[in-house]
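By letter and in written order, the chains are A, B, C and D; residue numbering begins at 1 in each of them.
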Amino acid sequence: MSDERTLDLLEAKIRELQELNKMEGMDLSSEITKLETKLESLRAALYADLSDWDRVKIARHSKRPYACDYFERIFTDFYELHGDRFVGDDRALIIGLARLDGKPVAVIGQQKGRTTEENKERFFGMPRPQGYRKAHRLLLLAERFDLPVISLVDTAGAYPGLESESGNIGGAIAENLALMSRLRVPIVVCIVGEGGSGGALAVGVGDRILMLENATFSVISPEGAAAILWKDKDRTREAAEALQLTAGKLLRLGLIDEVVPEPLGGAHKNWPEVFESVRTSLVRHVEELQNTPRERLVEARYARYRNTGEFHTLAEA
Amino acid sequence: MPIFKDREYLRVELERSQDESLWMQCKACGELVFKRRVRENNNICPNCGEYFFLTAPERIESLIDEGSFVDISKPIVAGDPLAFIDSKSYPERIEVAQERTGLPSAILIAEAKMGEIPVVMGVMDFRFVGGSMGSVVGEQICYGMEQAAERKTPFILISSSGGARIQEGMYALMQMAKTAAVRERLARDAVPFISVMAYPTTGGVQASVASLGDIIIAERGALIGFAGRRVIRDTTGEDLPANFQTDAFAFQHGFIDRVVNRENLREELIHVIRFFQSTEKRES
Amino acid sequence: MPIFKDREYLRVELERSQDESLWMQCKACGELVFKRRVRENNNICPNCGEYFFLTAPERIESLIDEGSFVDISKPIVAGDPLAFIDSKSYPERIEVAQERTGLPSAILIAEAKMGEIPVVMGVMDFRFVGGSMGSVVGEQICYGMEQAAERKTPFILISSSGGARIQEGMYALMQMAKTAAVRERLARDAVPFISVMAYPTTGGVQASVASLGDIIIAERGALIGFAGRRVIRDTTGEDLPANFQTDAFAFQHGFIDRVVNRENLREELIHVIRFFQSTEKRES
Amino acid sequence: MSDERTLDLLEAKIRELQELNKMEGMDLSSEITKLETKLESLRAALYADLSDWDRVKIARHSKRPYACDYFERIFTDFYELHGDRFVGDDRALIIGLARLDGKPVAVIGQQKGRTTEENKERFFGMPRPQGYRKAHRLLLLAERFDLPVISLVDTAGAYPGLESESGNIGGAIAENLALMSRLRVPIVVCIVGEGGSGGALAVGVGDRILMLENATFSVISPEGAAAILWKDKDRTREAAEALQLTAGKLLRLGLIDEVVPEPLGGAHKNWPEVFESVRTSLVRHVEELQNTPRERLVEARYARYRNTGEFHTLAEA
């Protein structure tokens, strides 16, 4: 991705020429067209063979749309709810009510910060137990009012710290997994950025699991895997490859249901395009699920998770 | 004690008891102790009380009624869906673990009796790739729960696991959701589930099925938590208290019902399952 | 504004607006402010923004669509089951409160529209024996919930209460259990319940129905908590933080969904009930 | 109750005479008999007209049996469970599994301390939010396994402190009230000592509400009522009278179902007798309730609470 810089420079040069072009007596249009063609082919070449590690970096890109951006742009009437009712209001995990295509839904989103200050408030998008318990409360509310749940996953993981561990972060995650496995409303999950391990899965169980093209979903970060398995922090690229954490690979493995396309270069290149793709996909899935009788919905979700896993069966000894 | 009738791990147990020297040095007190006495003492140092690991077969032997063991594990072994290679290939790693432990995977599912009460039991073995949960461990736990539901007997899970099996990638992570889902069915059917957290119960196992017991018992000396000490220090730079993620820490913060000494675990479990044996879901 | 068509409190409101002087002194900024401007400003000081109490009729007027008010309160008044006498007898105390407020009790149950959506609303009045919950308040809240369930409209409760009505002893305490029980039926029937905590929502009301809303909104400036500051200091001698039991404290600790300025409360409630209006429990 | 001291002295004197009586050549039996008769009549006179305030003091007596004493003496196989699964293990509120008359039940008990150290650990028997949430967890467990719940109430109230308020003690109490109102198993409550306001009611909702003869159940402590209503801390006796907080009065008001008799002078005078009375009463009520179909049980409980209250109905104006 270091070549991305070249593209940026070329883009800037084209813009300069376009400015010049507006001036009287200047006609640079054919030069500009040539440069644009060049740019497009360079871009296509560059992004055509993104490595998995490239995608990890795109998934973590700080200009990528975050959960709240989606809440404001592809939903209407977003109404944030706060608090877990007993400890606090985790700013790394946002819940609320909203409308998708005019219809009422309940939403969950993991939210990173963009500024240092915001990241401090949001613990870099890593939820603590109060975040997962806030989501738990929303899930029950959704069930009470028969609201489909849409969960946007984007976290490096649950916050690893004394406060989290003292508050039984593991137990909080476990309770969510259990609840989501049997909730009597449709749940559509979309991994919009990083799907970091148990902290992502804790709001990532559902009837449909979608992933943005450059999102990742992994049992451990490539850095973590490199440190643990290779005892070598420099082998993260290799780890990223080995973990099969990209949308495309996970779709092939049958672990997710759909890849939502991103603009060339990543979601941060063109927010409106991403919003439109995600919106369309969510609407379609929610609609399909809403037409499924609840009993069948829950049974199908159960079967999906019950049958997840790959192993060899032996002839009995 | 003839509780193990078949399977490879019997051979390993035999080899272990023949191969090894008569004495071992306790890693805690440094004393040279007579190995047979350690074995007979539930793998507890007779000098200082330090707990040594119990293998899954040893654990089962220490808990169940003599002669009541039937291995009902599903006949499955790990696949290699990611064709994963780190310092060695995943299939090689599995083979080494199988050879070393005599076990097909990191867990055994046993049908047995405790105090004459039938139970289904899942027992993890930390020697097998750190007791990590991949597709096989997840499947066996679910299978064990289903067998318990079918037999209307309690399900006891003895966890000893560092977390998810990295080499299986997302398949491993998904076992958290899978085991939690099956556990919910067990709850719906009012089948008692007693979760025993042994050293260590961490990561993906602690953050799923192990934390969902009707009763949660920690064996004394257990390590209980989600994120590892090193990850926490690298991320937050926090000073962690001396008792961090110990059994006492988990108890103090209300995660678990009881902390039990290894020598009392059998008795305690019998007490609990006897209680549940006398409950019975009424129709109304 | 002709939203109140009948009942005694209309007289009291009229008397209030005639009797009183044109100006009042704000207790917060000390400024002399024109009383009519205060009234028109939702009882907020036009100078410093301090909130003054809203009576139940004022509160209703500030929230609902003009002309949509119907008082559907049950025609009940307090009994005196304990024959309770402190500085005065309980019936006397009730009489004084009724005379002073024109209200039969500390709560009004209204059928009304907000943004043209029908709702049932319970509105407490702090002037009436501190808005305390005795048998009548408990019964009216339950009745209001039942009416909401029957009409399939949301139930909105605006709490302003110091807690249980001591003069009714255990009858008052039991209203906590009673309102919680009826609230559970409302939940079962998927009728939305929006709890608005105004200044003050404390004691037995905070520890029962008010904390059980599907959505809990605090009006800015609310006091929210269970035990009083004095009780806490007498019992524990603790230093309490400056923001103790404020709206901000409740928000920070996750008890409530939102803190809303009085001037935005109507709009916010309309937003919420409009959302729930479009939900409908499917059969499946 | 200051006369209680006289009784104690007389008792002591009788014991001394009994010792002497054992010695050779001494026959004091007729004197002893006389004194015993005297003692009995004094005792009867003293306790015959216990004031409500006397009963408050008996209810709070530090030698009175506490919840755990009952757990050990009238139940078998008591097995304590610990922890609320996310904050801690409140020692002022004990939960567990046990057998009553050989049959499995779930138990809840509010537990005071007897020593300074124990009281520090148990917050003088005043539960914090983690205590009520621990009870909540037990109630759900009881429902799952169809276990009757027995709750022994004995607290001055929920712990009034910063920690409690920060943890939403009010919300925690409210959640318990809601859950207990609809739990699909029998719930028998017995106020064994102090039934202090919302903190007592939070584990005091059920199908049968029993009270020991000298137990109290009140919306506020007499001291609190005196301070608030009479602005005079010395009028606690009067307040105790006015609040109608004794078992006898509450039975007459129809707010409780049964008064369990205590030995003359109070439960602390004879534990075994109290244990036997409480045990017999609990067994009887649990048995009756177990024979009620669950649906009817829950409906009856609902009707009971729905109809609690005393007011006058007016002819509509």
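Operating definition for what follows: a contact is a pair of C-beta atoms (placed from the backbone, for glycine too) under 8 Å apart; a residue touches a chain by one contact, two chains touch by 3 or more.
It should be emphasised that the depicted structure is a prediction, and the values quoted were computed from it without experimental measurement.
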| task | Moving only to chains each one touches, count the minimum steps from chain B until you reach chain C. | result | 2
| Most remote chain, CA-based centroid, reference being chain B | C
| request: Give the chain pair, either B-D or C-D, that is connected by more C-beta contacts. | output: C-D
| Distance between chain centroids, defined by C-alpha means - chain A, chain B (Å) | 34
| task | Mind checking the centre-to-centre distance between chain B and chain D? Centres are C-alpha means, answer in whole Å. | result | 42
| request: Go ahead and note the Å separation of the Cα centroids belonging to chain A and chain D. | output: 54
| query | What are the residues of chain D that contact at least two other chains? | reply | 85-87, 167-168, 171
| remark: So chain C residues touching two or more other chains come to 211, 253-255
| Every chain pair meeting the contact rule | A-B, A-C, A-D, B-D, C-D
| task | Sort out for me which residues of chain B touch chain A in the complex. | result | 6-7, 74-79, 81-82, 84-87, 104, 134-136, 138-139, 142, 164, 166-178, 180-185, 188, 203-204, 206-212, 225-228, 231-232, 235-236, 238, 240-241, 244-245, 249, 253-255
| said: Quick check on the complex: what are the chain A residues that touch chain D? | reply: 85-87, 129, 133, 167-168, 171-172
| message | Going by the contact rule set out above, which residues of chain D touch chain B in the complex? | response | 77, 79-89, 97, 99, 103-104, 130, 134, 141, 144-147, 184, 293-295
| remark: Per the touch rule, the chain B residues reaching chain D in their complex are 187, 190, 192, 211, 214-215, 251-258, 271-272, 274-276, 278-282, 284
| So in the complex, which bits of chain A are touching chain B? | 157-158, 160-162, 164-171, 173-175, 177-178, 180-182, 197-198, 201-202, 205, 217-220, 224-225, 228-230, 242-245, 250, 253, 255, 302, 305-306, 308-317
